[in-house]
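For clarity, chains are labelled A, B, C and D in written order, and residue numbers in each chain start from 1.
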Amino acid sequence: MAPGSELPPQALVERLYRSLHFIRHAEEEVARIYPSDQIKSPVHLSIGQEAISVGVCDALNTDDVVGGTYRGHAVYLAKGGDLNAMMAEMYGKITGCARGKGGSMHLVGMDHFVLGTSAVVATTIPVAVGYALALKREGKGRVAVTFFGDGASEEGAFYESLNFAALHKLPILFVCENNGFAIHEPLSKRWAAHDLCRRVEGFGVPATRVTDGDIFAIRTATAATAARMRQGNGPELLECMTYRWKEHVGPNEDFNQNYRDAAEAAPWIAGDQVPRLAAMLPTQLAAAIEADSRVRVADAVRFAEESPFPTFEELHTHVYAL
Amino acid sequence: MAPGSELPPQALVERLYRSLHFIRHAEEEVARIYPSDQIKSPVHLSIGQEAISVGVCDALNTDDVVGGTYRGHAVYLAKGGDLNAMMAEMYGKITGCARGKGGSMHLVGMDHFVLGTSAVVATTIPVAVGYALALKREGKGRVAVTFFGDGASEEGAFYESLNFAALHKLPILFVCENNGFAIHEPLSKRWAAHDLCRRVEGFGVPATRVTDGDIFAIRTATAATAARMRQGNGPELLECMTYRWKEHVGPNEDFNQNYRDAAEAAPWIAGDQVPRLAAMLPTQLAAAIEADSRVRVADAVRFAEESPFPTFEELHTHVYAL
Amino acid sequence: MSTHSEGRILRYVDALAEAVAQEMAQDPAVFVMGLDVDDHRAIQGSTRGLLEKFGADRVFTTPLSEDAMTGVAIGAAMAGMRPIHVHIRMDFLLLCMNQLINIAAKAHYMYGGTVSVPLVVRSIIGRGWGQGAQHSQALHGMFMHVPGLKVVAPSNAHDAKGCLIAAIRDNNPVMFVEHRLLYTTEAYVPEAQYTVEFGRARICTKGDDITVVGISNMVVESLRAQELLKDIDIHAEIIDPISLVPLDIDTILNSALRTKKLLVVDNAWVPCGAGAEIVAQVLERAGPGAGITVKRIGFAHTPTPTTSALEQFFYPNPGTIAQAVQQMVRPGSAPWQPDPERTKLAYQVQFRGPF
Amino acid sequence: MSTHSEGRILRYVDALAEAVAQEMAQDPAVFVMGLDVDDHRAIQGSTRGLLEKFGADRVFTTPLSEDAMTGVAIGAAMAGMRPIHVHIRMDFLLLCMNQLINIAAKAHYMYGGTVSVPLVVRSIIGRGWGQGAQHSQALHGMFMHVPGLKVVAPSNAHDAKGCLIAAIRDNNPVMFVEHRLLYTTEAYVPEAQYTVEFGRARICTKGDDITVVGISNMVVESLRAQELLKDIDIHAEIIDPISLVPLDIDTILNSALRTKKLLVVDNAWVPCGAGAEIVAQVLERAGPGAGITVKRIGFAHTPTPTTSALEQFFYPNPGTIAQAVQQMVRPGSAPWQPDPERTKLAYQVQFRGPF
């Protein structure tokens, strides 16, 4: 928060913390369970990056639409996606949000307007733009948000999407979660020019950067852009600098792999929004929220464990829609 | 030419006019012959746009490399490609630059470092970048140039190419021939932001615009950028505003089709570089150049007419390289 | 499906435009996008009149961005719209493979049935006038490989209209394959909306000597070949599968079991193509004792040459099809050369019904 | 081609890295590009050591821009370099189709033989650990459709090295198909450079009862099935085509003419796949009297499900292959269930030579 700006009202902090702590704890549980081999699919944890999803989604309406990537647990949950269905999905159970057919990389929650996530980088960007086209035609002022990584911004489809969205003044917010890495490759090996916002503005899409991961700044920026988009102002981009705490895929830390330096992580860990928000709340309230998270996550794990696997017939269902 | 700048030396004007008139005349002959159905393949004429190819290529060395599009007659010839081989190619003869297998849209002249042109928009851009990568590794200071239209700049591959070329500081000049149309669709239906140079600069690629089709300005800009690139300065872009006089494909005018206005064309026809250069030369010299063009073009047409068609065996040759 | 020669005589291209206009009038979710759908050429006439009737919100050109535009169409479809994405050449679908195969084909399954992608992708196989290697490709074989996509290739105006309406109403991505040379062909086409059901092949002509399956424009070429073959008393059963996914293999199998000869004439490269699939399915089902002679013909296995001197050898034509049939039906007999005059005449043949 | 069990025992992944290192040392035109080829994971080890040996100019990662990067590789190849473009999943090739098919495959032809594209495109078919619908696709069938491309799919470390060297030296674009599960398999691999010639299939085991053609990893699975089948006295001839384009159909045909049974086990979807092509070619050539029973198996015709509960049904395995063989060889006999213990043991089987 910029110095001198007002302290956020406690209700807001409470709401944000509820979401943030829940997501953090859910992913920590996933990481804890992972070595037991019950989750038989690659997981890309958002740990350290959750404030982006939470900040953005808090500024949206229930019927606004979001889409994310294979690193999509946080977006899915922040938008209201059902943790039971997500956990069961990771366990490959029929009660999963995609009936076990999708796994961690293909979460979906259309009942909360969470578009399906995808394992092929950048593919969901134009899809979300297309959804925004439908929202514009619908004319009810709903907006769409597409989350993606810095690496995704290198795919041609991203620029094609920017141009089309701007041309048609579509209500879509592009949110780049810039964690500086695509797998193990740093930006310096991938971007010739490091100012993404400037690049994007060249396409006629206004862009804002939040450099410090401040969840309130992210929320405020989103609220402002969403309001503009609901007026028909066209797409915008939000670049949120962030940091991935765990390895690219899997439950572990990987600072021992020498492709990045633990010192890099230090300011991000120091600026972690989870304890920050906790500290802004009365201790008891924070504790209650945390307890609630624990119950919900434990329930979800139990739900996943106890759910049945899909059976053979399920293999051939849903290849074609009726 | 900017007022007050020096008059170009006559040798330069002569050289440019020789190339320019030759290309104009060659394409006019193609247009004249076309209704006779001897050229059995789509032709996309450069008429009105030739000064870009001529101005750029004049500033290059013989062993620099160029690549163009299906609208590639001008580039092919300006770089020194053989008109006999081009004409025979359009006639579908075995003496064609691609043995009749390519036609007008797939001209190639590797002996003059003209990369093959392509009928799929924007495909040749990354290919030229790859050639530039090889030139950089070779280390002899050679450069590559890729010509493409305003429409091609909408393909994701273009932005991917810019980023990669800039990242590796490759000696490649991107030349956008901005004629304002992709087939019949104007820029306003395709670009959200109309400043291509700014868009490109966002990728770390310096960009220059030549707005008036001045062949000397184009040549001077190319010479400067080529010199920088030979020093290892990395890619640049040149946006040349221009105008297509004929229909998108075929030999006719199409102002009667109502998708554009003849008035739009007027300044471009008034600013035509062909008569402009002619007027800068002694009448006799200009006349001699024109006569020479006519002889060479007539020879090429005769060569094409008299050459044999490929025979059946040729169908199955060159599917795989040996 | 209409079963008689009803309706007016209509061109294929007009049947396409009519199908879309009728569906758009009826269902506000339907819209048309794609390069140049709204210009005065109107995709060789096949989108003629749509812009005027339905306005620029529902009929719009796009930037040259086939990859993202496919994603946009998919996203709109997921939101409940029914996009028709048009490509003037099938070759350009090679820019769309990622979205088509990684998203459109898989979304319904991968997301556990919670979303569907009612998308029509229209594309035209180019031919004629030296289109060359990049403006003449036919890629239906690739799409047949991928679960989740439907693939249809109507060969006449009647089926064009009925299949396009069926495709628009289908809740899955449908690859709608057209052929440039079919655009001016005419057939009886009912005025009212109707669907031609996918997965039901049509026997165009009955015959006992051989089963010939033609695909897309090759139905027409095979019918012409069959005209020529009558001269030498060979009677071919010409089958048009109409839809390739789903494929009505039973109709083909039953015919081949009777004629003992199966020729698939594809309008595409042969290896791993529709012909390979049809031949393999028929022989898997027929079993080793069926004694069916099989053969596939299609494009020469080369990139498409531009010069007409080579193009003439690249495509199957009534003469080469008829010759292949003759050699299959009368193996070992002297090769036969259809009368060139008759071959020319064969080009007048049109299949106008009954449907 | 080495014909004996010579060389050291080497893993597939190390054989790949060795092949490239040796070719790079010998030919300065060879270089390696692709996402993550230079990181510490080194494409699951298959580019291990190359960066250290040859430097960042010759071994470099790229931005996530598969389409343009393919164009870049093609352009460098046209300029006389020999790029090896690496993709950690074959699924990502769907982003490269335009450049691969519209340019790489056609350039030599379309430009009248004046340029060539000596490009190797390495890609890995993903499997195991719930890769799901977008990280498990095998697209070799699509590439077999397109003239101008070569397609190889070595199934063991020996062929991996020999084919990769041959691919690097080939003057055409070669689609080099690897399978994740093969990476740790071992075989005798000569130390010196050698090539495994394209277009020569290998008979891995001799047998008179049935011809089984396995593709990529399915060679290994078929060998395991054959182990099981010995229990019931069925002897399968397992053939590894090694290269799919060019395809050694003669070896397959001759075997099938003898055994009268042909099963193709593909590591991909079945329709319009390699199996369709092999079956169709064999039966076109064998003629109607040959009496050959044919069958294809491969992926279930669905997107790949992520949950292992369904994944187990998605892929052919030694048990399902053996069962299919049993039913083909002894039609009508009671279905047979290989002993699960023996099935487990079959997973120890490795083909290490002789080559």
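Rule of thumb we're sticking to: a residue touches a chain if its C-beta (ideal position, glycine included) is under 8 Å from a C-beta of that chain, and two chains touch if they have at least 3 such contacts.
The shown structure was predicted, so the numbers you read here are calculated from the model rather than taken from an experiment.
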item: Any chain that touches chain D and chain B; value: A, C
item: Most distant chain from chain D by Cα centroid; value: B
item: Chain A-chain C separation of Cα centroids, rounded to whole Å; value: 42
item: CA centroid of chain A to CA centroid of chain D, Å; value: 37
item: Length of the line joining the C-alpha centres of chain C and chain D, rounded to whole Å; value: 32
item: Where chain C touches two or more other chains at once, by residue number; value: 62-63, 65, 67-68, 91, 94-95, 98, 102, 109-110, 132-134, 147-148, 301-303, 305
item: Set of chain A residues in contact with two or more other chains; value: 96, 98, 100-102, 106, 118, 120, 154-157, 160, 163-164, 167, 189-191, 319
item: Graph class of chain-chain contacts, one of line, ring, star, complete, other; value: complete
item: Sites on chain D touched by chain C in the complex; value: 67, 91, 94-95, 97-98, 101-102, 105-106, 109-110, 132-134, 137, 141-142, 144-148, 245, 260, 268-269, 271-277, 279-280, 283-284, 287-296, 301-303, 305
item: Interfacial residue positions of chain C with respect to chain A in the complex; value: 57, 62-63, 65, 67-81, 83, 98-99, 102-103, 107-118, 147-148, 150, 171-172
item: Residue numbers on chain A that touch chain B, as the complex places them; value: 154-160, 162-167, 189-193, 195, 198-205
item: Residue ranges of chain A in contact with chain C within the complex; value: 65, 96-102, 106, 108, 110, 115-116, 118, 120, 123, 125-135, 137, 156-157, 160-161, 163-164, 167, 317-322
item: For the chain C and chain B complex, residues of the former touching the latter; value: 35-36, 39-41, 60-68, 91-92, 94-95, 129-135, 300-303, 305-310, 313-314
